[in-house]
Structure formats: C-alpha cells, structure tokens
C-alpha cells in the first residue's frame, strides 16, 4: 500500500486545492495516469501517479486546501516490487524527491525581523517568510506579506490568478537569488544559416506545420546539454545531481504578467515537427491553466527565449532546484565580421546562468561554443 | 468578400488565439504584438487561423503585411477574389 | 426624544452632584473649599446655598482626616462624595484609601462596605507646576478593592457619578483639569447615568488602535482626525474605567488593527500604559504587526514654564509620530 501525497509542483508551492478526482476508488492506475486536478498558483494542474496499482481510498474531499506532503489517497500497488521495473542500463534516471520547504514561518530566525502578525498571516497564506523582502527598515510586517491588491485587476488568462502567480514567482526567484550563487557567461551566435534554413523549410511547409525559430534552438540546446551534462540536473540536499535525460523547461509568458516554465521532455530525441507540436500544446495549456504535475517538476534546465522585437540579451535567474538556465535574446541583423569582411548577419546573444555550486563558467562557455557549432548546421537538427 | 466581412474574419482568427482579448478595444492601426503582447506562437496561431479560413498560402515573407487589423484586411482583400 | 442642551464639563459634574443629592438624602459633598468658594474648579458653585452646610461641607486642609471621615460615614450608611483638590494632594490620604477604604471589605470578611466616591482633579496643562499637575491614576488603578474611573466626555462626567454612588465599594474618580472648560451637548432629559466599567470606542478604525483615557482623549481624537487625512484609519479607545481595565475591548481592537499606541499622561515607567502594553502582549501577541508604542509624560516633575509643560506631556504631534512609527510610514 502506498500513500499518494500532495506533490510539490515546484520550489514555490506549499499547498494546493483539490478541485477534481479523475479516478475513483477501485480504478486501475498506471504510472503516468492523471488521478486528480489540483488548483495551484500556476493554474489547475493535472496530477499524475507514479505507481501502477489500484486506487484503494481517497482521503481528501474536493474543494479542500491541502498542504504539500499530505496524503491524498492510498494506492494498492501491483504485485511486483518497484525495482523490477526495467531501467535503461546506462541512463540512471533519478526522480528527485521534493520535500516541503524545510523552513516554516520562523519568527526567531536570527537576523530576520518579522512581526508576529506577519508571521501568522504568512502561515495562513502559505508564504515562506524567507522569500519575502523586508521593508526599508529591515522588518517584514503585514504590508510586506499582504501585497496590496491592485485596484484594476490585470487581465488574467483563464484559470490563473495573476496575484498568486506573482507571489509564486517572487518566492521562487527570491529563493534562487538567496541560495544560488549565479554566474553568467554569454556569447553572440551567428544565426544567419539557421534563419535561412528555417525560411526555406517554412516555405515548403503549410502554415499549420511551420516552425518557430524557438524550435531549432530548443533542439540545439538539448543536443549541446547532452555533451555538457553538468548543466543539466538539480541541486538537492547540498549536492549537485546530474540527470541524464534533458527535460527542458520552456519559459512561457502570460498576457497580463507572469510566466510558467513547464518541461518539454527529451527534445534531443524528437524531430523538429514533434517539438513544434509539443511547444504549441504547452503554450495552449499554460494559457488555459491546465498543465500536468510532471511538467512542473521534471524540468532539468530552463530555456528563456525572449523572441522577436524584444531585447538583445537576457541574463536569467535559475529556477530551483535546477542548476542552469539559458537565455536567448532576439535574433536581429547586425554588422558582423565573416572571414575578415564586414557583413550584415542575423545574430543572437545566448547567455547561460549557472549555479556555481554545481558547475563552472568553463562548462557554460563550452556549451555555448558547441551550441554555436550546432546552429551552423540546422539541416542536421 | 466585403471589407466588413474581412474585418470580421480577421477578428475571429484573433479571438480564436486569445479569447480573453474579445473584451479589449482593438486599434486597427497598431500591431497585435504591440497591443496584446502577442509572441511568435500567438502570431503563428493567428496566421494558421487565417489560412484555415481563407485557404491562402500566407508565406512567411508576407507576415509583415499581417501584423495589424488594417494591414491584414488590406492584404486579404488584395489576395482574395472579390 | 434626543433633545440636546449645551453644557460645560464643569456644569456636567455640578449637575451630577446636584442630581445625586436630590435623589438620595444620604449623599453629601465634603472637601476643601467646596462650600463657600464653590470648589477649586468651580464644580460645586451654588450648591451650598441650595443644600446647606450639613450636606456641602468645607473641610480643613487635612486630606487624611476628611477622607477618613468620608470612609467612616460610608461605613455608617451614608453615601459621601469626597472631593480632593488634586491627585497630588490625595497622597496625604493614600493611607486611608489604600489601607482602609480598599481593604475593609476583605478584612471584615465582607461584613462592611465602603460606598464612597472620591473625586479629584488630575493632570497638567494649567501651569500649576509639579505639586498640582501630576497624573497618578495608575497608583490607584494598582489597588484591588477600589474602582477607578476617568470620565473624559461630558456624558460620562454627568452620568458616572450616580452609578459610582450605587456601587457598594469605593470608587475613585479622576477629572482631568483641562476638561472642565470643555463645552458640548448632552441629552436634556431621561436617564443620564453611565456605567462605570467598560471602555468605549470613540472613533472606529482599522489601521491602529490609539488607547487612552481622560484628558488625553481629545488629543488622540485630534491625532486620528489628522491621520485620516493621510488615509490612516485609527481606532480611538477611551478606557473610561482604569480599574478594572476592559481587556476585551482592547484586545478585540488590536486583533483588528494589529497595532497599538497608548497615550497616557502618567510617567512611562511603571505606567498604566505599561500595564496595557503587557496585556496586549499577553493577549494579542500574534496579532501584532509592530511593537506597542507608548506616548507618556517625560520623566520629570511637570514643569511650570508653559513651553516646558507642553513638551513634557503627550501632545497631538507626538501621538501622530507614534502612530506613523507603528505603521512604519
């Protein structure tokens, strides 16, 4: 018998509201099945099971707010022990275990001045006080916890509360900047070959099959990461953990503010057309507020792609517990030296922010160099 | 198609991509990108919608003619048999 | 029904005495200069002519003596009102009040009651210097066996005396010297009596509780009015009774506002403000969004010079600063 608990869907989640049970007691479960839907700061998330078995009992009613780690249901697992599941010999996939944040509201943390009211309110709201910025006087009070509600509500995508989204980003990014010693390495890469190839390719394709520039970039990054595995993984329990498979979090912005970076699994093994389909599906589900739990927890690295008409460079902030994030600026024509001659080329600045506890700038530089080479041969992607 | 029908067609493709925009005022001269924080995925979905509605090939090199309501209507009225 | 009429605080006190003496023949007034002079603050003007020397009794300058006589009369079945000119002078009667009046019910196993009301002026602001200007209400509020009240409004000045006279135990009533000239309206008819227990919320608010009593109430209300202009919404609590304290009202307010400023003209050290602060800490610690702030008098004998007297005692500006402080603005 296995306890099925409320999963933590990222570094910033403390609790979720159970909105729907998809499976009912007695139902057969297969690993990866969606068992329930949980409302979180990132919208409604479809929760998957990790075991084969039978749903024995449900312990939480729909509509309840449930802290991370609480038992939602019990599952009678299949006869065979888990270890009997085939594991590819050379690929040791380790599923990181997400514990609820170790720090609970800590009014007596040395150096942290938080008022009793703020401490209680933070607990109620499920906010980690460690992630709250103190006021100018160095104190965390109610006004720091209770972000004043904006009079005109920003227009929200369906299913997502933008205030909560802002809180989630604040918590995750504050934690990242507090815990992760970031370093940054960047290179300008000549994208002319790739853009020309893409134009030719898209000219052949019908509208609905066309590729976005992000697609070859995603694949090229995944291929590069295969060769620089120290950038792909997590930092957990004070140790870096390399993960063989690349599951790339794709930063997707929401109209009205905020972003989510759900994982696109194994892009290095997918064709560009498949990646495009996955990306399109992910964007639709991010905007609609309907992601799967694995998509929120499995990313091993993140890609932040600014896109057209944006800015030349982004130095992004790592999403814990990942150990690197890749930032891509807009692709634009610039004067560029090719074979000793000045030419107009389409270029883009790629930056890597790395967790210096897990890897070094040297690795990031090697990755950028490999990426530059891969992107010169788009037809190979 | 009349001018009005074309405006309707473009708007329908737009709201297909982003139903939340239906309540927003739409400036025919400003680009969707600028008005609605459209990214390349939104734009591609919009183009796909136009393609499905009109059957036009809409090659990438013509994208600049489709970035605002006014431009798109002008482009479509030129390409579509009247 | 709600016909109003204009009175001063002084008038309200005088009417309360007059009314009590009409209603109950066992009530009489005793104190220094209460008769021929009409009271140091004019609260008994005309009463000697109306009620005669038996019921409006001028006494020697001997607080211990006439307070003791009042206790004796109360034990004997009378309902005396003893007026002491200022709280400073009441210290001469402290032994009578604390060791006798407050203790007799307990020491007699409940056989004897002392239904005595002791009125006295308190507080600074009239340039009467250190021996006439202190606020020692807290000394009395410390003592079990007596009740302590501080009417801050005309209605309380008019209404608390009768209720105090009905109480079987001694009640000490503090009238702040700066209130006597205050003018306002009270009900013209009907039952004007007011309870002698329980605090009153004089201005509801959500951002900060200003807790005060007596002469500081109008300063707190002025501060709250000014802060309202900055969109800070203060709740002003008039304690009314200093013993027993109405902890329920105080805590409910702080639970709501998360912040408290206590305005008390007594000296800060060992003050009533300190007691209230401790009460809030014990009862509403987890609701607090800032340390409790106190606006008290400077720890000096109240000075004679006008500018020094002002700067030594709580003022509107100081209250505003304290509220901004707990709001962290």
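We just call them A, B and C in the order they show up, numbering each chain from 1.
Definition applied: contacts are C-beta pairs under 8 Å (C-beta built on N, C-alpha and C of every residue); 3 or more make two chains touch, one makes a residue touch a chain.
Being a predicted model, the structure only gives us computed values, none of them experimental.
**Q** Can you give me the shortest step count from subunit B to subunit C, moving only between touching chains?
**A** The distance in steps between these two chains is 2.
**Q** Based on C-beta pairs in contact, work out which chain pair has the most and send it over.
**A** Per chain pair, the contact count peaks at A-B.
**Q** Just the number, please: Cα centre separation of subunit B and subunit C in whole Å.
**A** Comparing mean C-alpha positions, subunit C is 77 Å from subunit B.
**Q** Where the centres are mean C-alpha positions, what is the separation of subunit A from subunit C, in Å?
**A** Centre-to-centre distance between subunit A and subunit C: 64 Å.
**Q** Cα centroid separation between subunit A and subunit B, in whole Å?
**A** Using C-alpha averages as centres, the distance is 31 Å.
**Q** Quick one: which bits of subunit A touch subunit B in the complex? Just the residue numbers, please.
**A** Those residues of subunit A that touch subunit B are 155-158, 199, 202-203, 206-208, 210, 212-214, 253, 255, 279-280, 283, 287, 307-309.
**Q** So in the complex, which bits of subunit B are touching subunit A?
**A** Contact set of subunit B toward subunit A: 18-20, 24, 33, 36-37, 39-41, 44-45, 47-48, 50-52, 57-61.
**Q** Name, in rising order, each residue of subunit A that touches subunit C in their complex.
**A** Subunit A reaches subunit C through residues 115-120, 135, 137, 139, 141-143.
**Q** Can you check the complex and tell me which residues of subunit C touch subunit A?
**A** Those in contact with subunit A are residues 258, 285-290, 328.
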